[in-house]
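Order as written gives the chain letters A, B and C; numbering starts at 1 within each chain.
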Amino acid sequence: MSQLLNISGLSAGTEEKPILHDMNLSVGAGETHVLMGPNGAGKSTLGHVIMGDPVYKVSGGTITFDGQDITDKTPDKRSLAGIFLSYQAPVEVPGVPLYSFLRTITQMRPELKMTARKFRQRVGEICDQLDMGQGFLTRELNVGFSGGEKKKVEMLQLLLLKPKLAILDETDSGLDVDALSVVSRGIEAYRRECDGALLMITHNTRILEKLDVDRTHVMVKGRLVAEGPASLIDDIDQNGFARFEQDGAAAQKAEA
Amino acid sequence: MASYTAEEPTVTLERVNTPPAQTWNYLKTNDITLTVPKLSRKGDVYFALPRLFDKVETGMGQKVTDWVTSQAADSTYVEVKAGEKNHAPIVVDVDSNAGTVQDAGVLVRQGASATVVVVAHGTSAEPQTSAALVRIIVEEGAHLSLVEVVATTDAHHHLESVGIHADAGATLDIRQFLLGAGVTALGTCATLAGDNGRVSLQTHYLGEHEQTLDINHVVRMAGKNGRAEVHENGILNDSARKSLRATIDLIHGGSGSKGNEAETVLVNGDGVVNKTMPVILCDEDDVQGNHGATIGSVEPEQIDYLMDRGLSRDEATNLFVRALFDDALIEADQPLARKAVFERAQQVLGAEVAQNLLDTLGLELAADAGEKDADAQATATATKESAD
Amino acid sequence: MAEKSKRTQVEDVDRSLYDFVKSEEGYERYADGLTPDIVRAISAKKDEPQWMLDLRLKALEIYQDKQMASNWGPSIAGLDMDHISTYVSPKTKQAKDWNDVPKDIKDTFERLGIPEAERESLAGVGAQYDSEIVYHNMREEVAKQGVVYTTIEDAIHDPKWEPVVREYFGTLIPPTDHKFAALHYAVWSGGSFVYVPEGVHLDYPLQSYFRLNAQGAGQFEHTLIIVEPGADLHFIEGCSAPKYYEANLHAGAVELFVKDHARLRYSTIENWSKNMYNLNTKRATVGEDSKMEWVSGSFGSHVSYLYPTTILKGDRASCEYTGITFSGATQDLDTGCKFILLGKDTNVSADAKSISKDGGVNTFRSSVFVGKDATNARATVSCSSLMLDDISRSDTIPQMDIRNNTAQVGHEATIGRISDDTILYLMSRGCSEAEARTMVVNGFADPVSKELPLEYAVEMNNLIKIEMEGAIG
C-alpha cells in the first residue's frame, strides 16, 4: 500500500544552519503517528518543512504526498492538496474577522463549497462538538486570544477543512484543562469523521493517552533515531530520551 | 581663549541643528538660530584633525562644524590603539566662564574600548558662549562610552555637536546630562555604518527659568542587524523652552535593524513651551521602528500619594529633579564631570541636598577634580606630536 | 439600455464657464497667465456679489507673492507653474470624449465594476442623468428636515443664504494659508454648501458623489458645512473610482463649522488618477461639548498634500481621526492630520495607517498644538506604517508643541512589514501569497473601513485589492 506521506532522505535547514538530516518517515492514510523527542530535536522544523515554510530550504531528499512530489510546492498548494498544520503559536492577524476568514478558506476548496446558510450551520455544529462558545467568531483572527483560545481556533479549522493529513505541532503544550479537553475532542472528532491521518508532534505523553497510536517516531538532533509501536511511548514515559540521545550521538559519530 | 563680550564681532548661525526630514516651518521646530562670537584667527597656527573626521556626520551640521574649527585654538586628537581596553578617560574640558571652544576627534581602533567625557562647566554671570565639537570614529568591534555634562549658568550659551561613525560590531553608549545653561544647543548623530552595530543614547535634562534647550538626535542605521535605543527624559519648570528632534533613519540595505525611541517629559512650569518631533524614516522593509512619547505633568494620583507622605507639591515634583541629579552623579564617573554636576546640584537643589545626594551615593569629589585628567592630557599631547 | 445611455449626455451643462480669451496687456506680473481679468471673468460668469470678487482678487495677489516651502514636502516640479491658467481653462479640464480617456483609467473602471453609465461621467466626458435624479431626490428628502444641501454658487444667489455664506466663507482657511489655498480662492468653482439647523439629526449620510456627477467640475471645489448647535451630520465625499483630469491639479478647500453640542462626521475616499497633484486643505472648528470625526482613505494621485486640521475651540470638544494612505508606484503622498487644542478638557484621538509598495513614497506628517489655556488637554496620536517591499519609502514626521502643564499627550508610531509567520499561516490555510498579502493589508485598513458605510467599505476593499495587484495606472 503506498503511503499518504512519504519523506525520503530529507535534509533541510535555514540559510545559516542545517537542522534535519537524512530523515525517512512514512504515514499511511488514516494512521495516527506520534513524533517525539527532546527540546531542540527539530520536531517543529519537520512539521514546518512538510508544510513548505520558505524559511527552510531542502538540501536533499523528497517529500511525497498523495502520490505527488511536493518538495518544491508552496504552502498554499500543499494546503489545498490536503495537508494541515496546527501551529504551536498561531499568529494574530488584525482586522481580519475570524468568521469571514473561515468562510474564505473553506470556499477555496471545491469539495467543501457550500451555501452561506449551510456554512453557518456547519460552524455551529463544530463549535458544539468542541464545546466552544461562538463569541469569538466575530473577533479578529487570533487578536488578543489566549493560548488556549488560539488552539481552539486551530481545532475549529481542522474540522472545517477536513484535511487528509493533520500535523499537530505541540498542540497540547501550555494549555489549561478546558483547552486541553477541546483539543482532545477535536482530535477525536477528526479521526472519527474524516478518518484523516494524524502526525502528533509532542514531547509530552499526556495527550496521547486517549489516542490509538499506530506508530511512534523518536527524533534527536535532527535525526530519526527510533521507530516503534505505541508501546514506545510508555518507554519514553518511564525512561525519557536519554537512551536515544546516546544512540543519536553515536550515529552522528559514525557518520562523521 | 578669547572671551566673548558685547563689543566682539559676532556671526549668526542660521537654522542649524536641523533634522534630516523637516516639518512645517511655521511650527518653528526645525532648527535654532544662534548668534555666536567670531574671532579672527589671523596668524594662528592650527592643528587640524586628520581628514578622516571629515566624513563623520555631526548632529548640529556643517555650519557649526565650520564655526567651531575656526574658533578653536587647536584641535585635540586622541587615538586609542587596537585592542586597548584600559585607556584612561578622554576628557574634553569646556570652561564656559572662559568661553572655551573645543574641537576634539577620537579614533577608537579595532576591538578597543574608550571613554570620552565632555564637560561644559561654568559659574559666572557674564554672558559667554562655549562650544564642543566631538567627532569619534569607532572601528570594528570597538566600544565607546560617551558621557556629556552641560552644567553652566543662565548667562551662558553652549553648543555641543557630536558625530559618531561606527563600523561593524561597534557598540556605543551615550549618556547626556543637560543640567543648565541659558541656551543649550545639542546635536548628536550616530551612524551605524557597519553591520551589527549597537547604540544606546540616553538624554536627561532639566529646563528652568527662561532657559532654551534645543536637541537634535539622529541615528542612521545603514548596516544590517543594527540596534538603536534612544531615550530622552526631562523636567521642565518655570518658562523653560525645549525643542527635541529625534530621528531614526532606517536606511535601505540595513535589513534586520531595529530602532526604538521613547521620550518622557515632566512639565511643571506655567510658562513652559515643550516641542517634540520624533521621526522615523524608512526605506527598508525588513526592519522595525518604534517611537513613543509621553508628555504630561506628574499625574494627580502620584502627587496625592507623595503629599500623603508629607511632601508639598513643590517638594514632590522636586523628587524627580533629585532623581535626575542622582543619575548624573552616578554616570558622570570622572572627577571633572562629577564636580560640575555637584556644583550645579548645589545651585538647583541647595548645598545641603546636593551634599546629601553625594553622601547617599557614597561618592566623593576628587581633590584634583579641577584639573584635566592628567593621563588623557598626556596621551593627547603625545598623539598630537606623533601625528605632526 | 441603449435608450438610457443616450440620456447620460445632459445637454445644458454650462462648459463655457472658463471659456475666455487670455489678455496679454500690462500683466507681466502675471507671467503665468493667471491675470485679474481672468478672475474677473470667472466672477462675472457666476454673477457674484462684489465681496466675492474682492476676495478672489485679493487671493490672486497673495498667490503671486507666496512661495512653497523648499525644505519639506513632495516635489511639485511636474506642475506647470508658468502656465497655471491652463489648469483653470475648461478645454483641458477633463477628457474631450471617451476616446481620449487613458486606457488604464478605463481598465480601472472595468475592474472596480463601475456601471457603463457612470464611466463617462467619472471621466468627465458627460454628466450623468441618473446622478441628477439621485441628487435631486436627496436634496428634497433632507429639505424636509430643514437641511440645506446645495452649491455655494446657488447659496450666494439666494437672499436667505448669501449673508450666511458671506459670514463663513474663507474664514477658517484664509487665502494666506499657503500658495495653493490662495490659488483656490482666486479660481474656486463648485462645491457643496450644507446647513444643518439647530437640533436636527440627519438619519443617513449626505454624499457629494451624486452632486459632483450631476454638475461636473471638482478641481477647485469649495465645501462649506455649518452644523448648528445640537445637530448631527455625516457627510461623505469622494468615491473609489478614479477621477480623471487632463489638467492634473486639484486644489480644493473644505471648511467645517461644528457648533456647540453638535457632531460632524466627514468621510472621504479619495482616488484621484495617478497623474494628479492633489493639494487639498480641510479644516474644522469644534465648539463646546462637540465632536468632529474624520474618516479618510487616500489612494491615487501622483502627489498629495493633505492634512485635515481640527481646531478644538470649545471646552470639552473632542476629535477622532481615522485614516489610511496607500502609496503605490510613482506616488508621493504626504498626508496626516493637525490638531489645535485651545479649550479646556479637550480630547484628541488619531489613528493613522500607511502602506507603501512598488516604490511608492508615503509620509505621515502631523502636528499637535496645546495652547496655554488648554487645561487638561488629552491627545493620542498613533501611526503605523506597513512596508510591502524594500523599494518603497515610509516616513513618519510628527510634531508636538505643548504649552500647558496639565496636558497629557501621547504619541506612538511603528513601522515594519508583514511578518513571514503571518504569510505562512495564511498560505498554509490555502491562500496564495498574493491573497495572503491582500488579506493582511485589508485587515490593516480595517479601522478605517469599519467607520465607513458598507458600500464605501466594500469599495475601499476592492480598491485595496486592485492596488495590491498593482496594475492600476
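What we mean here is this: contacts are C-beta pairs under 8 Å (C-beta built on N, C-alpha and C of every residue); 3 or more make two chains touch, one makes a residue touch a chain.
Fair warning: this is a prediction, and the values are worked out from it, not measured in the lab.
Shared contact partners of chain B and chain C are absent. The innermost chain, defined by the distance from its C-alpha mean to the mean of all protein C-alpha atoms, is C. Chain centres here are C-alpha means, and the one lying farthest from chain B is A. Taking each chain's centre as the average of its CA atoms, chain B and chain C sit 44 Å apart. Note on chain placement: the centre of chain A and the centre of chain B lie 54 Å apart, centres being C-alpha means. If you average the CA atoms of chain A and of chain C, the two centres end up 50 Å from each other. Across the complex, chain C meets chain B through its residues 69, 71-72, 363, 365, 367, 385, 387-403, 405-417. If you check the complex, the residues on chain C that touch chain A are 419-422, 424-433, 435-436, 439-440, 442-447.
Those residues of chain A whose C-beta lies close enough to touch chain C in the complex are 48, 51-55, 74-76, 78-80, 84-85, 87, 90-91, 93-96, 101, 104-105, 108-109, 140-141, 157, 161. On the chain B side of its complex with chain C, the touching residues are 21-25, 27, 29-30, 250, 252, 255, 267-270, 272-297.
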